[in-house]
Structure formats: C-alpha cells, structure tokens
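First chain written, first letter: the chains are A, B, C, D, E and F, and each begins at residue 1.
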Amino acid sequence: MRPDHRSNEEMRPVHIERGVAKYAEGSALISLGDTRVLCTATVDEHVPPFLKDSGTGWVTAEYAMLPRSAGERIQRDSVKKGRALEISRLIGRSLRAVVDLELLGERQIIIDCDVLQADGSTRTAAITGSYVALKDAMSRLVRSGVIGREPLLGQCAAVSVGVVQGEIRLDLCYEEDVVADVDMNLVMRSDGMFIEVQCTAEGDAFSREMLQRMLDLGEKGIAKLFDIQRSVLTHE
Amino acid sequence: MRPDHRSNEEMRPVHIERGVAKYAEGSALISLGDTRVLCTATVDEHVPPFLKDSGTGWVTAEYAMLPRSAGERIQRDSVKKGRALEISRLIGRSLRAVVDLELLGERQIIIDCDVLQADGSTRTAAITGSYVALKDAMSRLVRSGVIGREPLLGQCAAVSVGVVQGEIRLDLCYEEDVVADVDMNLVMRSDGMFIEVQCTAEGDAFSREMLQRMLDLGEKGIAKLFDIQRSVLTHE
Amino acid sequence: MRPDHRSNEEMRPVHIERGVAKYAEGSALISLGDTRVLCTATVDEHVPPFLKDSGTGWVTAEYAMLPRSAGERIQRDSVKKGRALEISRLIGRSLRAVVDLELLGERQIIIDCDVLQADGSTRTAAITGSYVALKDAMSRLVRSGVIGREPLLGQCAAVSVGVVQGEIRLDLCYEEDVVADVDMNLVMRSDGMFIEVQCTAEGDAFSREMLQRMLDLGEKGIAKLFDIQRSVLTHE
Amino acid sequence: MRPDHRSNEEMRPVHIERGVAKYAEGSALISLGDTRVLCTATVDEHVPPFLKDSGTGWVTAEYAMLPRSAGERIQRDSVKKGRALEISRLIGRSLRAVVDLELLGERQIIIDCDVLQADGSTRTAAITGSYVALKDAMSRLVRSGVIGREPLLGQCAAVSVGVVQGEIRLDLCYEEDVVADVDMNLVMRSDGMFIEVQCTAEGDAFSREMLQRMLDLGEKGIAKLFDIQRSVLTHE
Amino acid sequence: MRPDHRSNEEMRPVHIERGVAKYAEGSALISLGDTRVLCTATVDEHVPPFLKDSGTGWVTAEYAMLPRSAGERIQRDSVKKGRALEISRLIGRSLRAVVDLELLGERQIIIDCDVLQADGSTRTAAITGSYVALKDAMSRLVRSGVIGREPLLGQCAAVSVGVVQGEIRLDLCYEEDVVADVDMNLVMRSDGMFIEVQCTAEGDAFSREMLQRMLDLGEKGIAKLFDIQRSVLTHE
Amino acid sequence: MRPDHRSNEEMRPVHIERGVAKYAEGSALISLGDTRVLCTATVDEHVPPFLKDSGTGWVTAEYAMLPRSAGERIQRDSVKKGRALEISRLIGRSLRAVVDLELLGERQIIIDCDVLQADGSTRTAAITGSYVALKDAMSRLVRSGVIGREPLLGQCAAVSVGVVQGEIRLDLCYEEDVVADVDMNLVMRSDGMFIEVQCTAEGDAFSREMLQRMLDLGEKGIAKLFDIQRSVLTHE
C-alpha cells in the first residue's frame, strides 16, 4: 500500500492558484499533495547573446528549493549545482516546446520555480504550474498590444511515474521516490505528443515492456493535469 | 497623504501565520501590507567553529528575496551580496539578543527569511516573524526534552520609521522608502530595552530632535507587534 | 541522404583503444567517426561523505571538452556549467547501473571523459568508452587482490538516435544533431535491460509511435557496441 | 580604569597625514592611537550603471584589513565578506551625505580604506580620514578646472562610543570593544546634523536614557575631529 | 645512471605530429619520451581590451593537465591555479617573442596546451609543440589572404636542464625532476638569442659557473629541437 | 640619462624599517626610491597538508598591491590573479632557499608583502624586505624557546636589472620597466650562490653575452643590499 493510501494509478490532490505574485507578469502556486512550488513568469526585453538581432524570442527557467522546503536544510545558491541546473534546463526546454518563439518576438520569458515545500515530483509540478504562469504572461503581452496573439502551441504538463517494489505507480511522493527502482518524468503537449521522456534506472534496470506500461500510466495522469490547467485558466 | 491613505502613525495590517513549513522546527509567514516573508527556524546540532566545545549555542540568519518578489526581477544568490548580507547579520544579531545562548547549549538555530513579496520594511518584518519561528523551535526543543526550559529573555520585534517630505512616518511601504530622507530601523525587546537603532540619512541629514521623535513613534509601533506576536503564539 | 552517406540504420566506424593512459588504472580512447573521447578510470580509496563508513562504493564521472575539440573554441572549466554537468551525471548514473557497489567496497571509481574532438554523440561515446576503462580498473583491483571478483553486472553502452527531416537515424553526427527535431540517448545493459531513455523534443514534439521506432533502432546499434567492447576486452 | 588610562570622555591621540600616496588624487593616513588606516580617493570618470547618462556623480568606498593588521592573521579578499562589506557601505553612505552629487557631475570618487593596524574603531577612523582624502581629490578637480567649485556640503567625521562594565566610554580600543555591552558608531556633519546612528546591543540591550548619554558623548568627540580635520586641511 | 639509461647530454625521443585537431587553425601533438602535449592554435578576431583599436595583435596561451595525465589524479580547472597560470604566461610570452604583433594585425592567436600525459618537462614540450601549431595557423592566415606574409621572426623552442646528484642533465623526466637541486627552463629563438632563462634553486642554491654549464647544455638541446621542427614543417 | 639621473650601475636609495607592525611576529617596511612594500611574517603552527606529520616546516608568501599603490587604481583580490600569484610563488621559493625547514619544525611562516606604493621592482624589494621580517620572526621563535637556534642558511636579497635602449641598468623604476627590452630578476644568498635567475625578453631577445653583463651588475647591487640588511638587523 502507498504511504498515503492512494491506488497506484492515483495522483495526489492538485491545486493551482493563479496571480499569487503581485509584481510578476504571470504567476501560479501549484500544490501536488504536500509539494508546493511558486512559479513566476517575467517578461524580459533582452534575449541571450546567441539570439541578438534574430527577431526570435526565448523561454528560460530557474529552479531552486527554499532552504527548509525539505527535511534537511538545503544550502542556498543550489541553482548552480548539478541537480537544480539539470531541472532548470528541463523546465525551460519543456516550455519552449509549446511556444512559437518567432511569434514571441525578440524578448525572453524567465520562469522562476521556487519550491516552498518538497514532497517528491517537484520538477513535474514546476512544469505544470509554470505553464499557467507562462500563459498569463502571454495574455498580458497580448492585452498590452506588444504581440498580436498568444504564441502558444498548446498546453504543457508533466508527471512522474515510478517503479516501487515491482509496482508501477503514478506521481511519486518523497517517501516512494527514495526507494524507487525506476524513475520516469514525462512531459507532454495537449495534442497528445511527447515533449520529453526521461526514464532512469535508479536501483535496477528496466525492461522495454515496463517502459510501455509506465508511459500508459503517465499519459492518463497528464490528461487530468490538462483539465485542471484549463479549469484554472478559464476563471478570472 | 500616504500612498495607502494611512495616517503617519499607522502601521499596515499585520498577519502572522505559524507552522506554515511542514519540515521546519519552527516557521511563520508574516504579512505586513503587501510585504510577505517566510521565516523558518532550523535546529542544527553543529555550532560555528569559534564555539566548538564551548557548551554555548548560536543563532544565525539568512535573508534573501525570491527573484520576482520585487517589481524588477532580482538575480538569485543575492544572499552573498552586500545588502542581503547586511540584513542577514542584523536579523541574527537581533534574535541573539533575546536568547540565552548558554542555556540553549552547544547547538545553533538557523533562521531563514525568504521574501516572497517585497513592499518595503522587509527586514523589520523578517525580524518580527522570525521571533515566532524561533519561539516555536525553542518550544519543540523543550517538548522533546533536549533542553529544560526555553532559553528566551523576552520577545523581539522591529519596525521601520522614516522621514518623507518632512513628515515622520511609521512602517514605510516601498513607494515611501525610495523617497525617504531618513530611514530608521528599530529593534526592541519586550521589556522596553533597545536591541538596535539604525538611523541613516538617505537624502538629507537629520537633527537630534528628529531622532527623538522617530524613536517615540517606533516604540509605539513595536508595542503593537509584541501584542500580535503574543496573540499568535497563545493559539495552538 | 546523410552527410557521410551512411544509411539511416548505420553507425559510424567505432574504434576503441585500451590502455592509452600510462598512469590511469583503466583507460580507453574511443573514436566514433570523427568524435574522439579519452576515458580514464581512477581508483580512489575515498568515498563521498554520504557513503562514509557504509562499506559501499561509488562510481562518479566528469565530462569536459578540450577547448578546440569543436569548431568554435570552448572556454575551459566548462565541467561546472549546465550541459557538461548534466552529461557528467548521466555517465556516472549509467555506469553505476552495471556495478555492484557493495562488492566494490568502500572506494570510488572516478571516470574522466575528455572530448578530444567532437562530431556529435560525445556523451554516448563517452559511456561506451568508459565502460572499457572501468572494466580494466576492476580487473586490476582483482589482480592486485583488493577485491575477490569483478563487481560488474554486465556491459554498458549507449547510442544516440534522432529524427532529422522526418527520418529516424542512428548515431547522429554534429551536422545532423543541430538540425534534429528529436534527440534520443539510449543507455542499455548487455542483458537487454534499459538503463536510461532520454528522448527530447528539440524542434518538434514526437508521437509515441515514433518513440517505439527510435527504441527499435537504438537497440540494434547498442548490440553492435557490446560486440565491439567484448572484442576489445578479450585482447591483451 | 581604561586599558590606556584615559578618562571615559577622552579620545586617543589623533593624527592625520595628508598626501601620503604619490599616485592617488587624494590621500590621508589617519592614526587613532594604535589604529592606522590609509585612505585614498580615486577620481574615476565612470559611474555605476544606474547613474549612466544621469549627469549625477557617486562616491563609493572599499574597506579592507591588511593580513597582519590584527593579532591573528586575516585572510585576504575579506572585502567581499560580511563585515568588511557592511563597513564599506557605511563609509560610502556617510561620505555621500556631504557631497552634492549633481555638482560633482557624472564621475565617481572611489575611496579605499586599508587598515594597516587595527586597535578598535577602524571604521570610524576610516570615515574621518577619508573625508580628508575626499576633500583633496575635490580640490584637485577644481584646480584642474573639471568642476567649478567643490561639491561639499560640510565636513564628515565619526566616532565610536560604547558601554563597558556599565560605563559609557568614548573611542573604544580593541580590548574594550570585545567586552562592550553596547557599541555605537556615530557619523555627523559639521553643521551638527546626524548622518548615521548605529547603536547595537552586543552583550546586553540598552535603555533609551543610555542612548541619550552615548549621543552626548559622541557629539563632543566629533567636534574635536572636525577641528583636527580643519587644521590638517589648512596646511599645504 | 639516469632512469632511462640516457647519457646526461641526451634528450628523450621527440616526435611532433601536425594537424591532429580537425577544427583548430593549427595543431601539433608533441611527444617527449612519455610526456605528451596536445597544442592547438585558434585564430580569434578579438584582442584583449588593452589592444582595442591599436591595430596590433596578441598571442596568449592556456596550459592545463588532463586529470589522469599524472600518477595522482589532478582536479580540473587547475588552469586558474598558481602553477598552471604561471606556465600559461611563460608559453604566451615565449611565443610572442617570435611574432611580429603589428604585422599580425588586430587579432589574437590563442594557444591551448593540454597535457595528455606528464613525465616531466611538460612546459618546455608545450612551447616547442605550440610553435608548430602557431606556424600552421599563420600559414593558414596567409593562404586565406588575411595577412600578406607570416609575421614570424624565427622559430621558438625550449628545453629543461637540471642538476641531479651534482650532475647537469638535459631534459629531465619526472623521476629526475622531483629530486633535482636546480631546475632550469631555457627558451630560445632560432637566431641563437635567448627568450627566457628561468633557473631556480629547488633543493640547493647554485654557483654562477654551474649556470654557465647548464646554459651550454641547454643550447645544444634546443638546436636539435629546431631541426625537428623544421623537418616536421617541411612535410605536408 | 635615467629618469632620476642615476648612473646605470646605481641603485635607488634603500631604507628598511623594522618592527613596523605591532601584531606581527616580524615586520619590515622597505623603501626603494618611491617603491614601498610592507612585509610581515606570521608564525603559524599549522603546515600545508603535504607536510602534515612530517616534522618539517614551510615558508609561504602572499604578494598584493593596495588599490592606489599605482597610477591607475587596481582592483582588490588581485592576489589570486596571474601576476600576483607568480610573484607570491617567487617570494616563497626564494625565502625557503635560506631556511632549514627541518630545523624550523612543523610550523609555517607566512610572509605578507603589501605594496603601499609601486615605482618598479616591487617583487625584488619584497624579497629583500621580507628577509628582515623573516629573520625577526625566527629570532622571536628562538627567544621564546620554541626552537633552539635560528634555522637560517644565510641572507636572501634580490634586485632587478634591465636592458633599456641598449643599456644595462640596475634597479629599474616603473618608467624604465615599461620600456625595457629585457627584464631580469636576480635572487641571491649571502654566500654568493644564486637562488633564482629570471631573465625575460620583453621587447627583444637577448644574447648570452648580455646575460653575463646583467649578472655582473646584479651581483654588485645585491652585495649592497646584504650590507643594508645586516646594518638594520644589528640595531635593536
């Protein structure tokens, strides 16, 4: 039985609150069980050097954990360390896959994902929440007449799936994550296409058949997240 | 008239929520108008090198702003830069002034103050909120039998007072802070003694008589904060 | 047609030379077309702090590119930057999946992968070459009587597969890599189990059916690499 | 009795030597008992980014201690650490309070305060000495015709006052500083206005009445420093 | 007797391979016994700030050792540490002494020397090999019409000479280097002029007569290196 | 004619003041014309890791320039940059050549050389002055009974010699240094043996005959420095 008595196919309760940061162009606070990530979107009229004078925009992300978001205090500035940097890159790449960067024009959206509380699956929660912040920043650009229409190709959401004690489970909490044999992060677009599949043997290697079943379960979870995003975004 | 129509002697609405961080030994989220600071207290069984084998404890603090806590995005890792470092030192020093470090024993309390939203007076809000987190961490040490009684010498709270357009005002918001001629941070103990007086000429120097009036107003504001802290701490 | 006239299912010529570094406990220089990676294995009798006194060992890796391994000169010290750090972590994780860390005992193997020349697929070449260096370091530990038998659970090898202009291709060279819509890195164990699947939408998202075909092609490529590793390792 | 047999209201011997640095636009070596600080002023035709094209100037400061200025050797590069950074900011802020930055024009004066020997009150000595270096740099700008008249609003000087064993004492030496219960740094302008009051409980909190008496004593000490500065500056 | 049975006046076998790096404008792999250094030359159309708009060019160098080039693994990023930085500066200075920087025009040549295997005298091998890489980069600039003729004033080569157990020996290997009493690095130009003499007492000071004999032997060794460079450079 | 009307064989006025730093175990302020270097010696009971439990001591040095020691302001923390690091290493190596490290016992002497004013030849002045600080620190160790006798093998001093406009000159000032074609630093021991010869072509290569004449002149200069050191050290 899972620590919180969920079935293997069940996600934890998801809640997304929009507009939580007064100054940001877009923001969302996502809760996934006890995991809580504050996502903000900043519109920056500068682009990275490699896009200078290209007319094309960019989406980048930074992920960090607050010092006491976890059981043991984490030293600050971890954004530059290995794990946080890798997650930052994943979030940026995932969101770029739903943005028409040419239509965005030569500006960048900076996504900040700050984990207030961490109970597993923080990176997938960050992607799902960031989409909402990104969408609000895009709406604002359209409303203020900076761009003609929202440069979005669809929604973007992510879930974790893992193998724990031989069972495939959706949306691992921290207690499950540390004992998982396989850990998969799946990022999808709302048209059913995949943006990223990262499936890693932590404790033991995995068969191709196992991979298929993990993908099946992940797709189901993400379908629910798209519904939640839509519901949150249709309310003012 | 002040931007939010307060009188010069009026503080913004203050709200302190305890126990907001699942994993921290003590935590508080303080709101002071639109300023919001998440304060956590971590009990660490190590002390800084200079206290090794002294039997004496320590309280230290780190202050940082989330990237989009402000109107312009702030680069991460600012905890090591000048202003944030100076504030971190002030918070630690202020809280140590209400802790009996010998009674605490050879362990340290690490206070983390993360500004979620900044609308002025973040450092004084951080001190006032951190006291609540510190108190809860101390209670937990007593409850778990680590120490016999709470090593606290009183409450600790802080306010800002400033001179704007020749008027002395309590609890400056950001809009006032940037145009203030004088900026004072006052930290007090609940027995009426001062812990720190920092009064700085930003735009113009100030007379000794002005300093007296600023202290008068600051003392009144802090008295209210002590009441709020007590009220929050008596509820479970 | 591919830039070097290969068929889509064809890998570039692979050559692995063992024992190229006089001082290292194990070493291999792998060529994959014009990509050349020097892999060394160092036996270090220390383990990272989290394994201190656990009796269990570790395998870690560092990946870096020489300044003129690429068309544009790369600044040194890039090992700490995002991309190189992410690749370092992948290499370490992949090799740990074929090592019995308890049997290794409380010591670590440090794998260094230095790209002498980069023409695409450097990370997968690094994994394939590093296995050979690791195996030689293990043999040396056995020969010198430090451990009783080689703590290896099988071979480890990796290939890249990509989607370029709608076609699925094995082992992308640099020219293909920069225009690929999808980029997959597949790491496998010689018993047919997967160690890591990383499939990323670079230019466009991908369907689940596309993922299946990419896995099919990747499995074929890796089977050949296992043969080459075995052939290299059976010669003295 | 004080370690050097002074009365509580007595300052240590003060000596300021001008023009000690051949290459600097202004310089002063101040001795305050055994405390010795070398202050130089550099005229820099660049301003910090936030003043670019504003027509307004800036004064900034850096404070550092030579490695063997103290009883225990101090590691270099401490300018970036907490205490030195905080003092650097105080010096810069204090001097800006006596400079008409618009009249200075778009250039900055960089003040370097290097402590050659530290026997307490180094930061207040640095401020008092730096004013002399700053004044000479200003005179030079006028003499060379860069600006029409000296953009100075008055003199600037600083003293420390402390509470040691219940007694209020002027100008603490190191031996007193480490045992002081309260430590105050007072910075004033020669028209009798305050620039900065920093009063900190080190060992014990302090009453408002104590603060008044410390201010009284500090004002007396600073009056003498203004005399010394004037005397030094009237000689060529 | 020397570890490898050479006479005191004998250099180890020298081999220089040109064009080993596909992407570099010039490259050479030099072997000096078991010492192996990969030297590449990059043409960079930017110059350091102090040469901006001067019409004059620059040659700079970076020297680093691969982690397992030596008996004990070396941490990466050592290019910024003392020894590597000093060697980098020596290589750059030595090569600039054979380049007409005005004729080169406002561009810089960046030399990268990466030690693949270190058995003593790596810095002198790096200089000798880098000259070949530099020469090829210069030829390429001429062939492509960027400059009219090669801005070279002669060849540049270097050897080490040492005093071991009272005997003067040419070209120290690592085993000799660690026990040498005196260590000399000599850099010369092919017209017989000296570029750099660095003679250092490691274990014992040395007489002026000893210095003369070391110079005699060094000159003989360098003469041979000039022959080898010429021979390598005349073949296509 | 030289800028200060000296003959080519003449050194600038040298003055060494002992005991200038109240807290250091040894100290000297050396003036060489307008060049002024403060040298302190710190006795540290720790040794670098490679000497742990060896019973053998160490001498190390750090060289830095104060920000306004030169015509243009120098950024702080330059001790870690190339030039300062190289000079630090030279000073440490030179002083170790006159110390019996076994007799010193397992402790280190840290030499700090801070350039207060720089008018050329700062590194040789630093070596000559540091010997005096080192000697005083050694005497103190003997007087306090820590070691039985001074572990010194002789005096150590250094001069610069250069070639300017074809003329060989002793002790270059800054104005000469920047236009010198050849720059030599010579470090000697008082028994006439050489510790270090560094002769570098800055503008033009040099003949062996030129090197001989530079050594002749350097030896004469150093003889005078040994006299000055002896004279300073025999006075209390």
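As a convention for this text, a contact is a pair of C-beta atoms (placed from the backbone, for glycine too) under 8 Å apart; a residue touches a chain by one contact, two chains touch by 3 or more.
A quick note: this is a predicted structure, and the numbers were derived from the prediction, not measured.
Summarising the inter-chain layout, the chain whose CA centre lies farthest from the centre of subunit C is D.
Mean C-alpha positions place subunit C and subunit F at a centre distance of 51 Å.
With centres taken as mean Cα positions, subunit E sits 33 Å from subunit C. Within subunit F, contacts with two or more other chains are made by residues 80.
Contacts between chains close into a ring here, every chain touching precisely two others.
Chains in contact form a single ring whose order, set by starting at subunit B and proceeding to subunit D, is B, D, F, E, C, A. Chain contact summary for the complex, subunit F toward subunit D: residues 21-24, 27, 34, 38, 40, 42, 44, 62, 64, 66-71, 73, 76-77, 79-80, 110, 112, 114, 116-117, 119.
Subunit C contributes residues 80, 82-83, 85-86, 88-89, 93, 97, 189, 191-201, 205-208, 211, 215 to its touches with subunit A in the complex.
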